[in-house]
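You will see chain A twice below: alongside chain B first, and alongside chain C after that.
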Partner chain A sequence: MIKKNQPVIRKSWISIRKYLNILSICLTERMTYRNDFILSTIFRFLPVMTTILLWQAVYRSSGKESIAGFSQRQMIAYLLLIHISRMFSSMPGLANGIAHDIRNGTLKKYMIQPIDMIVFLLCYRCAHKITYITTSAIPYSFLFLICADNFDDFPDLTILLAYILSLLLGFLLGFYFEVCLGMIGFWMLEITSLLWIITTLNYFISGQMMPLNLLPEFWRTVLYILPFQYMAYFPAIVFLGKLSTNQIICGLLIEIGWALILFIIAQYTFYKGLKHYSAFGD
Partner chain B sequence: MPQVSRYLTIYISFIKFSLITELSFKINFLIKIFVELLWLSILIIFYEILFSNTDNIAHWSREQYLFFIGCHYMLGGIIESLFLENCANFTELVRSGDLDTYLLKPIDEQFIITTKKIDWSTLPNIIQGIAIMIYALAVNPKWTFELTQFLMFVITFTCGLTITYSFLLMLCSTSVWIIRNQSMMELWWLFSTLMRYPKEIFNDSWAHSIGWFLTFVIPALIVINIPASTMIRKFLHPYSVLWMGICTGLFMFASRKLFKFALTSYRSASS
Partner chain C sequence: MSGIIEAYNLTKTYRVHQKQPGLIGSLKGLFRREYKLIQAVENISFTIQPQEMVGFLGPNGAGKTTTLKILSGLIYPTSGRAVVLGYTPWERPDSFRRQFSLIMGQKNQLWWDLPAEDSFRLHREIYSIDRKSYKNTLDELTELFDVKKLIRQPVRELSLGERMKMELIAALLHSPRLLLLDEPTIGLDIIAQITIQNSLKEYNTKKGITMLLTSHYMKDIEALCTRVLVIAHGKLFYDGPLRGIIEKFGQYKQVRLRFAGDQLPANLNRFGSVSATGPIVELKVDRDKVASALAQILTQHTIVDMSVQDPPLDQIIAKVFEHAKTNSVPREFIETPQTA
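The block that comes next holds the complex of A and B.
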């Protein structure tokens, strides 16, 4: 029995090792530009500061203790936590890269090599995120340390685990969402304009600009069902302890559901797209 | 005068050529306009939500703040339509060595490099900005038209525009030494983001020094604040206007010098 399974185990190990190698190469590549990463992270701090100052001015002028259930401290904490959410879920250039490969014919490199394109891209993004998170850990820790007063007590272990899970699912959600968008490139040659619209809209409806609690009830319900809020808003409010255990479980289940749906759509459209693909170009 | 009319003729040709290029991709052009409208709508919804919770932000009322946004949108529209793409493309010219062809032409290098292409798709932003400003003035019951105030607005707005253009030119000049425009675009994005907030939000004790830095060292905060204050709040501090004038002169001079110096450091590097 063991002998019969040996080739299967060996084959699986070779496959895993192949993708681990890809991950390692991508890590080396990403680390080449680590200074650029640190510089970009520092540049992003100033807008965070101005947004915090704007909200402080709103609270001061309104004289209110709480707006949409958020105290001033919680609002600042939320704005900071959004950056952590986006650290996991944002996938700059992924959809455009896929569309570019389709348009220019360079996609055929995946067809003549024993590599699955989506798994390859997943490894590449993992490497990107590992590098990004480790290089920006120091400047972000510094920022969070300065703003530590705005956080209540550290969440308990259950909340913390739910938070980490929501961030990891946010990564998968962001990844498969962008892959699905990129797959449109099989049927539409130019998707840049479409991506602009989605990115602009996503910035608002994922809660990056402000907590979604400020929106009317109807829109909150609509956005609760859609996948966008799970890429920014949801992990942040989990950490802030704004949700009950049931709400967290429901949210995580919806997030898992969307990750699965987008995974299936990505695989299916890739399969269908390859049948449509004529490999013209370079 | 003949020089001015020569440059004007060339610029008109740039405008025509850019329009023909843009209209070759009509759908893309329309989508870009739609995205700009979408972004403006999002901004307005955001501020409407903020003002549903307070009657002023850092002493700016809803109408005054709306005027501020319109002013920012108009200035951003002018910069993006006329200069941004050209400046962003400068890195590519340096990297590919195509800058040679520009330098060989009997024309001012700064003029041709920073004005060659007009981005027509962002031009509607200027109209949107003006429309928002007019609306903000119309719904503001306390505001009345005064010619001197309007002229001061035009002057300070032009100064703000010149400072922004000069800052962009300085960033673009650094491409000769740093052949990677990612950082340049990040810095530009940062500058334009900082422009869109009232400087009164920096009155908090911990942010005071940052506000000072952004007023006196990198004057991002005065670009929109002074013209908008002049027009809608009728608040014109002589020292502010004087500082804006000094900044305009300094930035124009420094950016021109830096650009010229950058060109002397350029080594044609193409095949």
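The block that comes next holds the complex of A and C.
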């Protein structure tokens, strides 16, 4: 039995090693742009600052201690944590890049070379994220240090693990979501405006603008089932300790489910798209 | 022996959306789309033997690129069959992809801001080339294309010719058995063109790689290919040695004569069409009449200098394309492929 399985294991190990090596090469590629990373990280603080100031004004004028169960301090902590969530789940240029490759024919290289486009892009994104997260670690920790008094006690180990898991799943979710969007490029010439609509909508329904607790019950349930909140809102409230253990487990299961569903959709549409492409060329 | 490429009756029909002009036309198009069928390739059959270097000629839109796309598995034909390296290309198994390379236009596989060597390293992983043979092959190729000093320089800082050489190196790193090239020298200056021609030729002699290339630049074809396929309007029009084209379609020879003295002899046009600049006369003489015409001229006049040449290949090819436009495929022009 074991002998029979060996070639399969060996084969998959070779393939894993191949993509790990590709990942490390992509890392060097991304390092070329580290200055750009540092700059963009600094500028990303500006919108957080304005949102924080806005919410401070809201609290002051309403005269309330808490809004939707969030105290002013928690709200600021929430907005900062959303940034961490987005560090993992946002995929700038991924869908557009795929659509662009389809449109101008660069897609060819993935059809000619012995490589799987989606796995390659995943490696590339991992490299992108690793570089991004490490380069922004210093400015971010500085920011969190300044805002440290907005956080309650540091969460315990189980919550911390659940938080890390939710972030990693958020990365996969964000990745496959964008890949699925990119695949539309096989059938539509231009997807920029479609992407813009989805990004804008996502900004709201993933809880980047405000905690989803502010929404009516019905919409909260709808968003609980949909994948969007797992790209921003969910990891943040896990960290803030606003969920019971059961709620965390349910949320993580839904997140895993969506990651799987989007993975399957991405693979299937890619397969269908290539068939379509092979019939019509570019 | 079976060929490295075997194509049997390949046909590819595209459905192309026909758009009416203007705004009203666009609105109509939203409701009822009109399509036109375009025969990109029609019933093409040929076999290419290992180590052959075959030129693929044809005017724009003739179906060359479509054929290359079918052979590399990017698109599948509407009908017909192809076997490339023993595989059906459009099934695209990894083992097939490891054995060939396609260079199409300058849409490059190199990372723009990084040295070419980093892209080569990526290729090493993609094709799972072991480190030792990677190093040897890279050394060999950088020497062949004479770019050893440039592989650590960001690709964006390279000239077009140097970039093309890097593309070729990237395509050859995994030692493919088949190289498909679509316009490899387009837009390059003459020196870069010639170095690329020489390098490809040398590589073919050394490694015995099979090449199929399209080019609008006849010098490429003349330098590299002994056999050409001419395709026009989707149909294969000629398959045979390059010389064969010249003999079949270059029915005349160019005879250049320089007469002694200022006076040009009259009625030279009985030998063929005449164009004169000063004391030099160019005659277009029918192939079979060259000898007799020259004999007559030499006995009657004093000639200072003379030469007899085939018309330039470009002109012949233009004539072939012209011919293809007005005629359907003359079967007799399709010769049995030369066995290597």
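One rule holds for everything that comes next: the second predicted complex is superposed on the first by the 265 of 282 C-alpha atoms of A that agree within 3 Å, B and C clash if a C-alpha of one lies under 4 Å from a C-alpha of the other, contacts with A are read in each partner's own complex, and residues count from 1 in each chain.
Convention: contacts are C-beta pairs under 8 Å (C-beta built on N, C-alpha and C of every residue); 3 or more make two chains touch, one makes a residue touch a chain.
These numbers come from a predicted model, not from an experiment.
*Asks:* When the two structures are superposed on chain A, do chain B and chain C clash or fit side by side?
*Replies:* Fit.
*Asks:* Looking at A:200, would you say it contacts chain B, chain C, both, or neither? Reply first, second, both or neither.
*Replies:* It touches chain B, and chain C stays clear.
*Asks:* After the superposition on A, what does A:265 contact: first (chain B), second (chain C), both or neither?
*Replies:* Neither: A:265 stays clear of chain B and chain C.
*Asks:* After superposition on the shared chain, which partner residues are touched by A:168: those of chain B (first), chain C (second), both, or neither?
*Replies:* Neither chain B nor chain C is touched by A:168.
*Asks:* I'd like to know which partner A:252 touches here: chain B for first, chain C for second, both or neither.
*Replies:* A:252 contacts neither chain B nor chain C.
*Asks:* Please indicate which partner A:113 is in contact with in the superposed arrangement: first for chain B, second for chain C, both, or neither.
*Replies:* So A:113 only meets chain C here.
*Asks:* Please work out whether A:28 is in contact with chain B alone, chain C alone, both, or neither, and reply first, second, both or neither.
*Replies:* The answer is second: A:28 touches chain C but not chain B.
*Asks:* Which partner does A:50 reach: the first (chain B), the second (chain C), both, or neither?
*Replies:* In the superposition, A:50 touches chain B alone.
*Asks:* Would you mind checking which one, chain B or chain C, touches more residues on chain A?
*Replies:* B
*Asks:* Taking the superposition on A as described, I'd like to know which of chain B and chain C A:61 touches: first, second, both or neither.
*Replies:* So A:61 only meets chain B here.
*Asks:* In the superposed arrangement, does A:105 touch chain B (first), chain C (second), both or neither?
*Replies:* The second partner, chain C, only.
*Asks:* Rounded to the nearest Å, state the minimum C-alpha distance from chain B to chain C in the superposed three-chain model.
*Replies:* Once the two complexes are overlaid, chain B and chain C approach no closer than 8 Å between C-alpha atoms.
*Asks:* So chain A touches chain B in one structure and chain C in the other; where do those two contact lists coincide?
*Replies:* none
*Asks:* Name, in rising order, each residue of chain A that touches chain B in their complex.
*Replies:* These residues of chain A touch chain B: 36, 39-40, 43, 46-47, 49-50, 53-54, 56-58, 60-62, 64, 67, 190, 192-194, 196-197, 200-201, 203-204, 209-210, 214-215.
*Asks:* Which part of chain A faces chain C closely enough to touch in the complex?
*Replies:* On the chain A side, the touching residues are 14, 18, 21-22, 25, 28-29, 32-33, 104-106, 108-109, 111-115, 277-281.
*Asks:* Using the touch rule from the top, collect the residues of chain B that touch chain A in their complex.
*Replies:* For this pair, the touching residues of chain B are 27-28, 31-32, 34-35, 38-39, 42, 45-46, 49-50, 53-59, 180, 182-183, 186-187, 190, 193-194, 197-198, 200-202, 204, 207, 210.
*Asks:* Taking the complex as given, what residues does chain C use to touch chain A?
*Replies:* 14-15, 66, 69, 72-76, 90, 92, 94, 97-98, 100-102, 104-105, 107, 109, 111, 113-114, 118, 121-123, 125-128
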